[in-house]
Amino acid sequence: MSGPLLDVRALSKHFGGVQAATDVHLSVDAGSITSVIGPNGAGKSTLMAMLSGHSIPDSGNVFYEGRDVTKWPAHRRASAGVVRKFQRPAYFPGLSVVENLEIGVVAAGIRGGRAMRARAREVADIVQLDDARYVTAGSLPHGRTQWLEIGLLLACRARVMLLDEPTAGMTRQETADTATLIHQLVHDLEMAVVVVEHDIDFVRSLDSQVTVLHLGQVIATGSMSDVEQDAQTRLVYLGE
Amino acid sequence: MTSLDPAGPSRRSFLKTAALAGVVAAAPLPLLSACGASGGGSGSGPIRIGVLTPLSGPWTIFGKAHLAGFQLATDQINAKGGTLGRKWELVVADSKTDSTVVTQQANRLAKQENVDFFAGTFTSAERNAAAPVVTAADKLLLYPTFYEGQNQDFYPGVCNPNIFMFGSEPSGQVYPFLEYMLNKHGKRFFLAGSDYVWPRETNRLVKAKLAELGGEVVGEAYAPIGTAQFGGLIEKIRNADTDVLFLSVVGSDSVAMRQQLLSSGLKDSLTVWSVGNEESSTSGIGPAASAGDYASFDYFWALDNPKNVEFKRAMTKKFPGTIMNNVGVDMYNAAHMAALAIEKAGSVETAKMRAGLEDLVFEDAPQGKVTMRAEDHQAALPSFLAKVREGWTGVDDMFEIVQSVDQVVPSDSTCAKLPLRRP
Amino acid sequence: MSFKVEVSHETASRKVVRARRPRRGNTEDLLATVLFAVLFAVPSVGDSYQVFILPQYMLFGVLAMSLCLVWGLGGILSFGQGAFFLIGAYALGILSTRVSGSLGVWLGIAVGIALSAAVAGALAYFLFRARVRGSYFVLVTLAISTIGGVIATSASDLTGGFNGMFISRVQLTVSGWGVDLASDSTSYYFVLALTIGVYVMLRWLSRSAFGRVLVGIRENEERAEALGYDVALRKTLAFSLSAAIAAMAGAIYGTEAGFVSPSLADVVFSTSIVLWVAIGGRDFFLGGLVGALAISLVSEKLNSAIPEYWQLLLGVLFLAVVIGFRRGIVGSAILAIDRVGDRR
Amino acid sequence: MDSFSQVILDGATGTLILALVALGLAVIFGLGGVLNLGHGAMLTLGAYVTWACQMHGVPFIACVPIAAVVVGVIGLLFELAVVRHFYDRPFETLLITYAFYLIATQVIQIVWGRAVHNIPNPLPGNVTIAGASTRVYTIVVCGVCIALLSLTWLVMYRTSVGTRLRAMLQNREMASLLGIDASRTYSAIFATGAALAGLAGALISPLFSASPDMGSLWLVRSFFVVIAGGLGALVGGTLLGSAVISGGTDVFSLFTSQVFAQTVVFALAILILRVRPEGLLRKVPAR
């Protein structure tokens, strides 16, 4: 395919007097990981919301597979393949893991009990919830709910995964496993992943393209090591 | 794990089925067996009467008097040994002020309780709802309330050979006093009522009579049952420059209406004539909002005659604190007249009892003489116009009778099904 | 089956019990079969009043199941089901008297269903699109029942207003073949078949993809939307379908009872539907059905005997169920039976 | 233009009386997030307590605060026993308060019977304002309503209690960091709302009498006040909502039937809800 999978051009958004995003550009290719970092209030969540369709920018455009999806509502973007994982794990707590995944599978257009179950089982294996298929999701430990939600994104055939702080509340080991999982998804399934994170170590372990936001503006892009050399980034983010 | 125990699922589900069958089947059984056994029928045993009365809902305030009247008469009849040597037994059903429930309960009384005849229902709407059931079961219904007359063929509760009306219709309740009110308080009438058949039909008849007498209808309005705010209506009354406000708003709505009329300051500049507010709703309205207003019915607690004194004594003794009204008294009359009819006919069979009630005269009614007309089952009753006393403190000093008529012959019904007398 | 070690201790014990694939629904269907069998047997053992009244209560049960669909499955609490029931009843009443023959009857049923579905759909889409939900939508459904009652009362030319409307027992026939509801026993079995049909249809629906997604929306609306589901559209469909079922039940109820009045739309009736479903168990269609049947039956017995105390008792029972048995009496029973079954 | 000033006066008094009735509901809904279906029963309870109190020879002016306190205490006990465990589940609180309505209405009937009780007007006489007349007592009730609304406004926006309450509305977890005992605050809110309902029931009883089902007539209208007025702040919203519902019905009913007017106004309230839902949704977490 020619051109980036997700192409963000000159997005701006303000809330009242606060400029939450100013002229943000971002380009995401299939099979790549993009990390967005920045201090609190940098506009990371706003950017995520504009990518997922939960928020409509004041100006600028979002292109997905060459189509302008700027004004598409969240559900339409999701069914086209741009799916978001929320900061707090969002899943269906009263249902079992497999029932959760089946809802995702149905979203991918798979119908019929057998096919649906098979696919849900497959996804459960990928996110290592195969042992807990019939456990009520609400009773899963926190770290595993994060994976369940990633499983949901997988189940509905996401092509672009928007991961909002995917390792929040995870143990060190779980965080490392998550990085491995993301790599695996990108590698095996040619997915594009956009990660918003606080945890610099995790971002470092993703070894991805990094975009640094500050006060709604992109102040640096490049690999993690490039960005860490950037003076402005060091100033605003790393506090030096 | 399931697969480890091949015998498990089937056996388990069998046990489950058996257990559940027991539980589910057991539940409805007491309900089934509780009924059916009790059946009156004709012949021996007590005479069973189904009484449909509003014990809950907005018309609860009338329900007490409604039921008490019939119960008092039943006690008196039973004290004398019942009729044809059979005691009376009441099966009371709550109409919940809901015509749908009336249909349901009337069916229950007919099909399950096997009552010999029915008494009650409060509004015309309730009577109309009960009518198809009593017709299907071929039982009589004794209806006690003031009502709209028998001109609307399309309602099943009108000109129904199985229904007897013991209350007054507009020609009895209103006509005798129209001229008096016209001359004394002015020609400009505003007709306001609750939105259902009785007020609408009453007002239609009143309009016709007013035109005859040279009065003028300056406005007509209906408020749905359950209205709490009458601001718009009161404004219309004010703008119409009304002399007499002819009110057929009923129940708790009328309480709100009269209170708001007082607070609007309009009450002093017109005369209120209510045909729906008897003793119990006037108690709710209170002295301030009712003082000086008129009401007309076939009975008032205030009536000073020996039979009413005796009735009041008996009523106060049996149901102390109950506010009695014309509907309750007409229930009382209905019971006594039914007893007379049964004795006369020698049977509680519907056809015979019907013949017994037709042309029956009851001299001992608390309000005077009651005659049941055969051709349309309407009662000829006395009629009274009363004025609410200033600063009344209770039902005893609430109304003051200003006009009275000993017996009004109901105006002719225009129903095509007449006459009701069967060959 | 193997369990991974990383499972934390406090949830481990629960897991063992629940980790097996549940045979979801078996117990409910089994119980329902028993109930339907009992109902099937009633005309041969009961009296004529039971044959007359039970179809009406079964239709209340259908109405309750329509609420289970939106509330239990979709998480949309509605105090407006009574209004749709009423639309069905009035439509049949009006059209069957004004259009002669079986055409009028079918037209009445069809118009009632279509009108309810359309009103519910339009209103729901209008509001769900704007993300009106939760308590606010409950308020709107309260408004639906209030406005429904007001219209039924005031449009007296059409509905008979407060006086109500009389509907005779109709014949449901297609080119001479069909059922004549005039006979109590015929209409009993007809309504029973209808009730079973609705139950089966709703059970199928709850297992279908649509049903699963609806549950997903109930559990987490944001997540469902972010998975690509048009949440507003699906909730609207559910609400509209539920209104259609309520209207169908209402139409048959109208002809069964022979009389309808605006009281069916008022807040009291609509809230008693919520009561039936809450006490029976909102998560199970059988809960709604049994709740409606049982409470109607017992109410009828106790209402005349101890009207105030019975209402009080019902209130206390309702409070107890909401506090203690979120899944209702039937729902809790089903789950308890499942648990016993699973433990073996 | 006597008629015109009369319409204005009736509209104003109607609005204020409805605002008085709805204030308790708005407090519990707006601050506590609970849609109190028991509000109607609390009104009724207030009216009956007033009546019973007067029957024992207590003057009306003393009966009103007694009614408010009694209903407030009942509300508090109910909150402590039941409601407090369900704040995170809006549907459940709705059902629980509906159960309260069922139970309270029946208890009222068992204790005081079903008759309509008349409470004499404590201030007989009419007053004429700009050619329009109304009862002196109505004006006093309106005065009390204005005073209560002003007091609510002062508490909410001019005291530290109000600041904390508003902070808690924004973020419950944050509030506990500010040293707010959320649990006690919610109890206080519920009790206050109940007391306001009792007070309203007591005050309107001379205008409308006391009957067991009086509450349900007001409940639906109060809900619409909250629907229509929920957009603004507690005080402004309640007033605005009351003006739309009460004033709207009055104005429309001048041109058309009362019924149609009511329907139009209710539809209007739904429209308002649709146009400004995000303002409303902020306070109530979606289920």
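Letters A, B, C and D name the chains as they come in the text, with residue numbers starting at 1 for each one.
FYI, a contact is a pair of C-beta atoms (placed from the backbone, for glycine too) under 8 Å apart; a residue touches a chain by one contact, two chains touch by 3 or more.
Fair warning: this is a prediction, and the values are worked out from it, not measured in the lab.
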* Asked: Any idea which chain sits dead centre by C-alpha averages?
  -> C
* To do: Give the label of the chain whose average Cα location is farthest from that of chain B.
  => A
* Structure fact -> Rounded to the nearest Å, the gap between Cα centres of chain B and chain D is 35
* To do: Averaged over CA atoms, how far is the centre of chain A from the centre of chain D? Could you give it in whole Å?
  => 46
* Euclidean distance of C-alpha centroids - chain A vs chain B, Å -> 71
* **Two or more partner chains touched - positions in chain B** => 56, 195, 224, 226
* To do: Could you check chain C for residues that touch two or more other chains and list them?
  => 1, 20-21, 150, 153-154, 308, 311
* To do: Spell out, as numbers or ranges, the residues of chain D touching 2 or more other chains.
  => 257, 259
* Structure fact -> One finds touching chains in the pairs A-C, B-C, B-D, C-D
* Asked: Contact residues on chain D for chain B in the complex?
  -> 3, 6-7, 10-11, 14, 114-121, 124, 126, 128, 133-135, 137-138, 207-209, 211-214, 217-218, 221, 246, 249-250, 252-254, 257-259, 261
* Structure fact -> Counting only contacts in the complex, chain A reaches chain C at residues 52, 54, 74-80, 83-84, 86, 90-96, 99-100, 102-104, 106-107, 111, 116, 128, 131-136, 139-141, 149, 152-153, 156
* Asked: Residues of chain C touching chain B in their complex?
  -> 1, 20-21, 23, 26-27, 30-31, 34-35, 37-38, 42, 45-50, 52-53, 56, 150, 153-154, 156, 161-164, 166, 257-261, 263-264, 266, 294, 297-298, 300-301, 303-304, 307-308, 311, 337, 341, 344
* Structure fact -> Touching chain D in the complex, chain B uses residues 56-58, 60-61, 63-64, 195, 221-224, 226-236, 238-239, 252, 255-256, 259-260, 262-265, 280-281, 283-288, 323
* Structure fact -> In their shared complex, chain C is touched by residues of chain B numbered 1-2, 8-9, 12-13, 16-17, 19-21, 24-25, 27-28, 31-32, 34-36, 55-56, 92-94, 96, 98-101, 103-105, 107-108, 110-112, 124-125, 128-129, 132, 155-156, 194-197, 224-226
